[in-house]
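There are two complexes below, and they share chain A, which is joined by chain B in the first and by chain C in the second.
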Partner chain A sequence: MMTIRKLCLCIVLIATVAGTALAQGSGISSGYPTPRNGFSVSEQRGHGLYLRYCVLCHGVFGDGNGDNAPFIDPKPRDFTAATFKCRSTPTGTLPLDSDLIGTITRGVQASNMPSWRPLSDENRQDLVAYIKTFSERWKTEKAGEPIKIPAETPVTIESIRHGHELFEKMECWKCHGQQGRGDGPSASTLTDSKDQPIRPYNFALGRNDSRFKCGSENQDLYRIFMTGVDGTPMPSFADVIQPNDAWDLVHYLRTLQTGRRSKENDVLKAAGGASTLKAPENKSENVPPSDSRVQAHIGGH
Partner chain B sequence: MRNKKILPAILTLMLCPCLLFAGTVSGKVNYTGTPAKPKPIDMSKEPSCAKQHPTQITTETVVAGPNNALANVVVYISAGAPDEGQVPAQAVTFEQKGCQYLPHVLAMHTGQELKVVNSDQTSHNIHPLAKINREWNKSQPPGTSPLSEKYDKEEFITVKCNVHPWMRGYFAVLKTSHYDVSKDDGGFKLPNLPPGKYTITAWHEDYGTQTADVTITGNETKDVAFTFKAKAY
Partner chain C sequence: MLSRFCVRRKQTLPAFLLGGFAMLFVVLSSTPGYAIPAFARKYGLPCSACHEAWPKLNSFGQNFKDQGYQLNNDRDSPIWLNPSYWPVAMRITPHWHYESQGRQLVDSGGGQVEQTIKTSGFDLTGIDILTAGTLAKNVSFLLVPSIDPGDGTTGFESANVRFDNIKGSPWLNLKFGKYELDTPLTEKRIMTLSNNGGFYQLWHYAPAGDINDFTVGENQLGLELMGHSLDDHTRYAASLISSTNGNLGLPGGRSYDGYLHVSQAFMLGKLGLQRVGVYGVTGLRPTYFLTQDGVPIPGTGRGNKSFYRIGAYGNLYIGKFDLTGVYQHASDNVFLANATPANGELPEGAQGATWNVGTFEGHYVYSPKHFILGRYELVRNSRQPVSDLPSDFGNVDVFTAGYRYYPFINSRAGFAWHIEFSTLKMTKTADSGADQRSNSFFTGFDFAF
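For the complex of A and B:
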C-alpha cells in the first residue's frame, strides 16, 4: 500500500513541476492563456505581457485599434504594417530590435505611449519578439543597415548661422514654422499614413527636460533627419544633406528651444542673439523674409 | 552584302515566331453617369508653382474627355502575361513640375528602376503610401539629383507630397510590361501579344477595377471596351 501511495505522490509531484515549467515557458506565468501555437518561448512570454500592458491601446490584432484607440491622439502604432517612427535604419526599412526596445523603454513624447522602464530587460525583449509576429515582413525582410552618425562638430555661431540657412533652404519652416513652433503654412493640412491629422514638432515648447519623440540628445535629432519618421509627413534627408550640414542644422534647431539651457543658446546669446542670424543670399521668391525671431510669423494658421 | 542584311532578319524571325503572330488588344475606356466636378487647386501658398499655371488647375481624380472618355485608367494583363519576371532595363520617370505629378498615374514593372525628378524651385517630399511594398518618405529639395527606387511587389500605390497637400499621384506596380494608361480620348493599346488567353484589367483610382477575358489566336486586333460608372461625389 505504501509503495502505491509513494508512486502516486511522485506522479503528482512530477506533474506539478512539469506543469509549472510548461506554464512558465508558455507565457501562462503572466496569468494569461496562450491560444496561438507556433510561438517561440520569448514570443509566448511577450504575448502574455502584451495582453497585460499593451492590448488596450494597440489591440488584440496589433492593428492599433484597441479599446482606448478612439480616445487617443496620435493613434497607437499599427504593428501589422511594420512601419515604425523611431529607427536607426533608413526610411522604408525595418528597425533593429534595439530601436524597438528603445521606444518601449523611453515611451513616446507628446503621445499616450508611456515609458516602460519599470519592466525588466527580458520583458521588453519578449514584447519586441511578440510585436514582430504581427507582420510577415519580419520573416521576409532583414532590418536596415543603421545609419552612421559621425562625431558632432563644434557648436559655433557660424555653425548655427549655417543651420539657419539650411532651415530656410530645405524649407523645414513650411511645416515647423519660422520659429519652430509647428505652425508653418502646411502644418494644418498634414496627415499621417492613416489619414489622421498630425502636428509638426513644436521646438519652442522645449524646456530643460525636453525630449523628442525618438530621444533627447543631439545625435537623436541628427538621426531623425537621416531616417525620417516613417508613417508621418517627416521625410528622410539622408540623400540630400551632408553630415556636417546636418550637425549645423541640429545646432540651429536647439536655438529654437528658447526655454532650454543649452550650449547652442549660450553661443547664440554671446554672439548677439537671434537677430544676428542673417537671411541667406539668393533666396528663392517663395522663401519668406528671414530673421524669424523678430518678425511676425507669416505662414502659420 | 545583301545576304549580310537579310540573314539577321531571317534569324530573328526564326527565333521569335511570336512576332509573326503578335496580336493586339485595343479599345477605349468610357464612363456612364455624371462624374464629380474637378475641384480647383489653390497654389497661392507656393508662388513658384502657381506662376507656372496661367489657367486654373484642378484635381485629376477624374479626367474626362469628349464622348464620355475616361483618361488615366491603367489597362494591363493581369493573367496570362507572357513576360512576367522580364524586368525592362530602362527606368520610368516621375516628375514633380508646377507642384503636380507628371504623369498623374505612372505604371511600371516590378523591379524596374523608378526615377523621381524635382523640376520645381521648391522642396517636395515624395511619400508613396505603400501597403504591400515598403513605405518610405524622402525629401527632395530643388536642384538635387533624381531619386532612384524600385518596388518588388504588385501594388497600386498612392503618392503624396505632405508639404503640398493638393499633390496626389499613383504608382501602378505590375508584374508585366503589357500595360497602357488610357489617354484623353480613353484609348489604350496592348500590342505584341502572342496567341493565348488573357485577362485584361482596367484600374481607375476612384472607380475601381474591371476585367475582361480575351483570346488571341494569331495576327489580329481584338477590341475591348471598359465602361465605368461615374461617382457623382
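For the complex of A and C:
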C-alpha cells in the first residue's frame, strides 16, 4: 500500500516538474513575463532579460536614460540611435550581431558596462534581438560588410618606429597624449555624439590588463583604427592609412602600455627603449588635427 | 529495571531540548542572509542583475562574488566612487509567526505530561549590517556585524579580506578572516526564514548527545584559497579553518579543519546552466580540557577525535524552475558521539555515529517579483551512538514551502513580502517514544536598503 502511495507521489512530483517546465516554454528564462505584441520568440525572451539586467542604465525605451544614467560616466548607450562603438563593420554602418554579442560578453572597459559572460549564448542572442527593436534602422538597413583584417606584420623596431611616426603625423597625440595617457591638448574639449564629455583612451592605465573598450588583442586594435568608434571623436582611418601602416601603429601603441609585458615592449627595450624613438616635431597646444579627413570624422560625430 | 533504551532516552531528551533551543537561538539570533544593496548602488544595477530573487544569487551574481565583489571593468576600486559613497547595507524582517511544538514535557500535578506548545506573535529577525566592497582593485572585504534582537549583544558574523586574481589569474584568490564556507547551499542567502525552515539540517544536524560543535553552516575562521574559470563554470574552494566553529578567542583545541569543494557547471541546451559538485570537510575536536580548580581552561582541548562530512550535489535548471539535490554522509568518532573523554571509558554499546542527509530544494521564479520555493530535508541515522537505540531514533523530516513577492525592483533598496510554512518531524524523540512534530508559520516584510 505504501509503495503505491509513494509511486503516486513520485508520479505527481514528476508531472508537476515536467508540467511546470513545459508551461514556461523553452529557453533560459529572464524570469519576467514576456510581451506578445508581435515580437519574435527571441525578442520576447530578450525583453525579459533586458528588464532584468539592462533597464536601469539603458532605460525602458532603450534611449540610455535609465534611472541610473545621471550617475554614470560614460553614459549608457542609446539604442534608439543604433550607433555602436564596437563593430567589425565600416564606420556609419550597423554592426553584426556578433559584434553586439561580443560587447555584451566582454563588457566595456573603464565604463559601468560589465562583462555578461556568465549569461548563456542564447541569453546574449536574445538580448541583441531585443536591443535591435529599439531602432527602425534595423528594419531598413542591413549590417555592414565586416572589414578584412590582413595577417599581422612582424613586430620589429622598424615597425614600432614607423608606428610612432604615424602617431605623430596623424596627430593621435592631440587626444591621446604624447605618452598615450589620454591627456593630449584636445582631450578636455572632446564630446561624444550626444554632446557628453568623453575622455580619450588612456593606454597607460591597463598595466598588465591589455583590454581596450572593443577587445584585447592586436587585431581588435587594428579593427578600431579601420572602423572607428562611432558616436565618439575617434574616426575611422580606413581611407587614410594602409594595412601595413595600421599594424605598425598597433605595434607602437602597445609600447605605450608600459606596464604590460608584450612582445612590442620587449623589442623596444632591446633596441634601447622609448628614447630611441624620434621626438615629435610639432607639439603646439590646442592645434586642431591637420588631416582634413580626420577632422571631417570628428566633426561628423 | 529500565531498559538500556529507556535510560538512553532519559539521558538524551534534555540534550534534544537543549539542541532544539540551540537551533532556535541560532535561527533567532542569526541574521537572515546577505543581500547587499550597497553593491547595486555602487554599480547602478538592479537587484535582479545579481539575484534571481534576492538574496538568491544568479550566475552573474555568483561570478561577481567570485571575482571579489568586482565587475572587473576597471571601475571597481573605490577611487572611482563618489567620496560620499558608503558601502553599507542593512536588512531586517519584522514578521508575525506561529510556532507549534508537539509532545513537549510540561509539569503537571507533581508530574510531567506531554503537551503541544503553541505560541504566536509579532517579532523581529536579527539585523544584517552588511559592509562589503573593495579596498583597492583586487583587494576586497566583507564585514558583517550582527546584533541579537533579544539581548542586543553584538558580534561579527563575517570579517574577512580577500586578495583577488592573484598574478592576474581568477584561479587564485585568497580570503583571510571569518567567512562562510563555499557550500552548495548557502545559509547566508537562504530563502526561508521560519524557525523550522530557516536553516539547513544538512549543515546543522548532529545526533543527540554528540559534543562535536562543528557545523558547516556556521561562518568559520581561517583562510580560503578559491578559484574559478572566467565564466565561473569550474570552481574550487579549499579552506583551512580553526577548530573553533567560528568562535573567537581560541576556546577549543589546537587543531585545524580542512574543507574542499569542487564543482563543474555546463550549459545543457535550452534548459540552462546545470552544476554538479562534491565537497568534504574533516577535522578534529577535543573530548576534554585541562582544568584549573575543576574549570576547563580555554584552548587546552585534548583527546582530539575525528569527524567528517562528505557530499555530492546537483543544481539543475529547467528554465524558470531549478532544483538542487544534496546528499551528505556524516560521521563522528565514538568519543565525540557519546560525549566521552578520550581518556575515559565508553558506555556499553557505544559506537561511532553516522548519518545521511538528503536535501532537495526547488524554486520557481515566475518573475523576479514572484518567487516560489519548496524544500524537503530528511536525516537518516545509519549508526546510532549507542547500538541498542532504535535505528530510526532521531531521524528528521522537514518540509518547507514559501512564497516571496517583490513589489518593486531597483538599484537602491530591496523589499519583499514573505510567507512560509514549515513542518518538522523527529522520530521517536518524545518522552513516550512517539514522534515529535513542530510547525512554523511565518509572514513578514523583508527589506534591505
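The definition used in the following text is that the second predicted complex is superposed on the first by the 243 of 301 C-alpha atoms of A that agree within 3 Å, B and C clash if a C-alpha of one lies under 4 Å from a C-alpha of the other, contacts with A are read in each partner's own complex, and residues count from 1 in each chain.
Note that in this section contacts are C-beta pairs under 8 Å (C-beta built on N, C-alpha and C of every residue); 3 or more make two chains touch, one makes a residue touch a chain.
The structure displayed is predicted, hence computed values, not measured ones.
Of the two partner chains placed by superposition, A:S159 touches none, neither chain B nor chain C. Legend: residue contacts after superposition of the two complexes on their common chain; A:Y53 is shown touching chain C, with no touch to chain B. In the superposed model, A:T83 makes contact with chain B only, not with chain C. Looking at the shared chain after the overlay, A:P233 reaches chain B, while chain C stays out of its contact range.
In the superposition on chain A, A:Q109 makes contact with chain C only, not with chain B.
Of the two partner chains placed around the shared chain by superposition, chain B is the only one that A:T91 touches, whereas chain C remains out of contact.
Partner chain A is touched in their complex by these residues of chain B: 45-48, 121-123, 125-127, 129, 131, 134-142, 144, 147, 162-165. Across the complex, chain A is touched by residues 43-46, 48-49, 52-53, 58-60, 62-64, 71-75, 168, 230-232, 267, 270-273, 317-321, 323, 362, 364-368, 410-411 of chain C.
Listing the residues of chain A that touch chain C in their complex gives 17, 20-21, 24-29, 31-33, 51-53, 55-57, 67-68, 71-72, 107-122, 205-206, 208-209, 211. Residues 81, 83, 90-93, 169-171, 174-175, 185-186, 189-191, 193, 228, 230-240, 284-286, 299 of chain A touch chain B in their complex.
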